Amino acid sequence: MLDALKEAVCEANRQLPASGLVHLTWGNVSGIDRAAGIFGIKPSGVDYEALRPTDIVLVDLDGKVVEGALNPSSDTKTHLALYRAWEGIGGVTHTHSVDATTFAQAGRDIPCFGTTHADHFYGTIPVCRALMPEEVEQDYEANTGKAIVEHFRDHRIDPLAVPGVLQLHHAPFTWGKNALDSLHNSIALEMCARMALGTMQLNSAATPIPPHILDKHYLRKHGPGAYYGQKGH
Amino acid sequence: MLDALKEAVCEANRQLPASGLVHLTWGNVSGIDRAAGIFGIKPSGVDYEALRPTDIVLVDLDGKVVEGALNPSSDTKTHLALYRAWEGIGGVTHTHSVDATTFAQAGRDIPCFGTTHADHFYGTIPVCRALMPEEVEQDYEANTGKAIVEHFRDHRIDPLAVPGVLQLHHAPFTWGKNALDSLHNSIALEMCARMALGTMQLNSAATPIPPHILDKHYLRKHGPGAYYGQKGH
Amino acid sequence: MLDALKEAVCEANRQLPASGLVHLTWGNVSGIDRAAGIFGIKPSGVDYEALRPTDIVLVDLDGKVVEGALNPSSDTKTHLALYRAWEGIGGVTHTHSVDATTFAQAGRDIPCFGTTHADHFYGTIPVCRALMPEEVEQDYEANTGKAIVEHFRDHRIDPLAVPGVLQLHHAPFTWGKNALDSLHNSIALEMCARMALGTMQLNSAATPIPPHILDKHYLRKHGPGAYYGQKGH
Amino acid sequence: MLDALKEAVCEANRQLPASGLVHLTWGNVSGIDRAAGIFGIKPSGVDYEALRPTDIVLVDLDGKVVEGALNPSSDTKTHLALYRAWEGIGGVTHTHSVDATTFAQAGRDIPCFGTTHADHFYGTIPVCRALMPEEVEQDYEANTGKAIVEHFRDHRIDPLAVPGVLQLHHAPFTWGKNALDSLHNSIALEMCARMALGTMQLNSAATPIPPHILDKHYLRKHGPGAYYGQKGH
């Protein structure tokens, strides 16, 4: 079932090593079919090169595996929490990409220093807190998703406008319209982190992009007035 | 029409991902046929691998699309402004390459610290101001080109001797004799930015190259007395 | 004899250049067959691409070459010392990977700043002392192994929980269940070093991962309660 | 004539882009046949991929081109000066590799911080002064070679033990037993520069490798007591 979804999720996962974001098996991508209420996700600990569409594990929105012979990613419940909370998203990517993870480890938000960032993220990419001992013990992966969702709600950040987060001591999660789009946001996040690190090093007083340029770049790519790209894409 | 131009522009764009300067679709190259008064440019948001010469959009010097089924790059009016102001240039490249963009975000000129820089840029690579809200609103991409041209005029910098600029909060633009040459200047700019970042880190009192060595390196590659390379190339 | 071992060791060595950890011939991997009491190791100074399983040199636990026409790696006695001291390990990798070697040269432990580290190393990756002149003169490579083993014993670090070390002024060694697993730990070590360098640069007061998250990440991948990956792998 | 030399020099030049040391056409390798008193060098400004052994330009020790249809590298006289001064060398490589060039631009020697460095360079890699205006005007490339040779003589550095130098405001030159060996020393130099930059960043008080470890590592690879690698290689 859901062959197109499994192919799209498989293909996005297979692009992870070539993207330079992932070493060993440190990353996973999922994508959801909203009509079916089912998402497909990478099986845990499997090499990307060996991945076939039939290996993709299908999971429903109660977290139950509905198809697949392999264990789903150990981060499945985090993906699930994001899909349940945010109906507008269609894909989730988790990596330990070097520079984004560096910001997560340092506990530093990524300010929007330029248009590369503004093209993908409408403002600061936030750090979300680490879990407390009892949250880890109770259900680590589900509570990770819960903490992310609460951070966006409590700080009134629109997850569709800022499709990524850094979890303190851990690593980034991004999301998007579908599996591939969430991967593209992970690539964008890694590049923004790398540039932000250098920007702060070159100029410790560097200021974020002015609001009118943030608006221009974000809105020429997103929303009803967008004119970037080809119509119908 | 202009098949050779479309092939050259297509080929230069296709080299962007392998150059390491560009991720996703963050970059575009154009080239102009001065006799025809028409330039060819990458279509917006199209993958480089999939690009064919027939996809290249042809635009005249009034900014009118004269051939091509796809939307031209969203940065087309910036390229246009440079072609109109500077008759000596034959190609323009725009990327968000990591280290050059880092300098743009930090608002820092790239000093000419060595011969690698001097081989391509005759002195400091400047930062050009960001646009004001009313300039963004009126015509963002055209005014970006206008601001670049004004910066070179007001600071009396010869754009043929310093074929690149960093726009504050944004990213670099370079130009050259043709599409491929403008791409080569983007590669050189990125390398110069990377080395300048390290140079300032190693030695905060590092001084620019002395004028006699700047002259020697620039002039052995450029101008009537050049002796680098093969005759007729 | 021991064809499967030679193939596994050959394959792990051949992965070194693609891993990005090794330039020229600066690295070697070995693996042991505990039942036979024999380990296979890369021959010294041979290119990885040219390596064939029949080139792998077999050495017993007294350090005697038992099969192979080529000289074994000059680091063979270091591998031997680790195999003799630690019965639980099945493979050893030595590289001069850039960021791990940077920490070794700087004489700085790598703190466990995040889950990427915790997934592979249960706490700080230590720096082990350099050898004294008389130790170098007597038997450099054997005494290097001895110093590593003593460091773990004296500081009560479990080598199976922290499968890597940095030798001062030198470079990293890692180990694992088998040749390939020891290589994977070298890849993980390099990534952790790169992220730690950036983390300390971004936030000089960055703190190590809290113990409950260290435990969670290490134990979901290692030991009887592990649930990462596929059963039987 | 000298077909084996031309093939070896061609092959070493063709390895430059894959080595990661060179962008565009920023580098050249030469090799000498001491019996013939002739060296082969890359033609100026030619792409590495297109290079054929018949393109290699043959030059005698008076600097006269004795075979070849193309212009030799613009740096030919620098190579010539090194071959004339140092009879023990058989190859020369010049690149603008990022981190070595960064040290050259910053005017900073590369201290021997570790065994990776000691395996290839017996101590500090020095910065040699830039040329004076009259030296540039008279014969830039020949005087560059002269300044390098004088630096080693005046500072009593053995060029066979320290096969590399950084020229202030410019970039590195390395040499070796033959063309390929000089390229390997450029690779080693670049890695040592990268690690030294990080070492100084992590620990501003980092000390060079102790003499007994420098001796051990250098001498296990070089000289009559060497035991690294295979006999006869």
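Order of writing sets the chain letters: A, B, C and D. Residues in each chain are counted from 1.
We adopt the following convention: contacts are C-beta pairs under 8 Å (C-beta built on N, C-alpha and C of every residue); 3 or more make two chains touch, one makes a residue touch a chain.
Only a predicted model underlies this, so the values are computations on that prediction, with no experimental measurement involved.
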Both-way neighbours, i.e. chains that touch chain D and touch chain B: none
Size of the rotation, in steps of 5 degrees, that lays the CA trace of chain A over chain C: 90
Interface sides of chain A and chain B: same vs different residues, half threshold: different
Longest centre-to-centre distance from chain B, chain (CA-based): C
Interchain centroid distance [CA atoms averaged], chain C/chain D, Å: 32
Chain centre separation in whole Å, for chain C relative to chain B (CA means): 45
Contacts with two or more other chains, residues of chain A listed in rising order: 201
Complete list of chain pairs which touch one another: A-B, A-C, B-D, C-D
Residue ranges of chain A in contact with chain C within the complex: 23-24, 26, 43-46, 70-71, 74, 96, 98-99, 101-108, 130-133, 136-137, 140, 169-171, 197, 200-201
Residues on chain D engaged by chain C in the complex (per definition of touch): 113-116, 119, 184, 187-188, 191, 194-196, 198-199, 201-203, 206, 209-210, 212-213, 216, 220, 227-231, 233
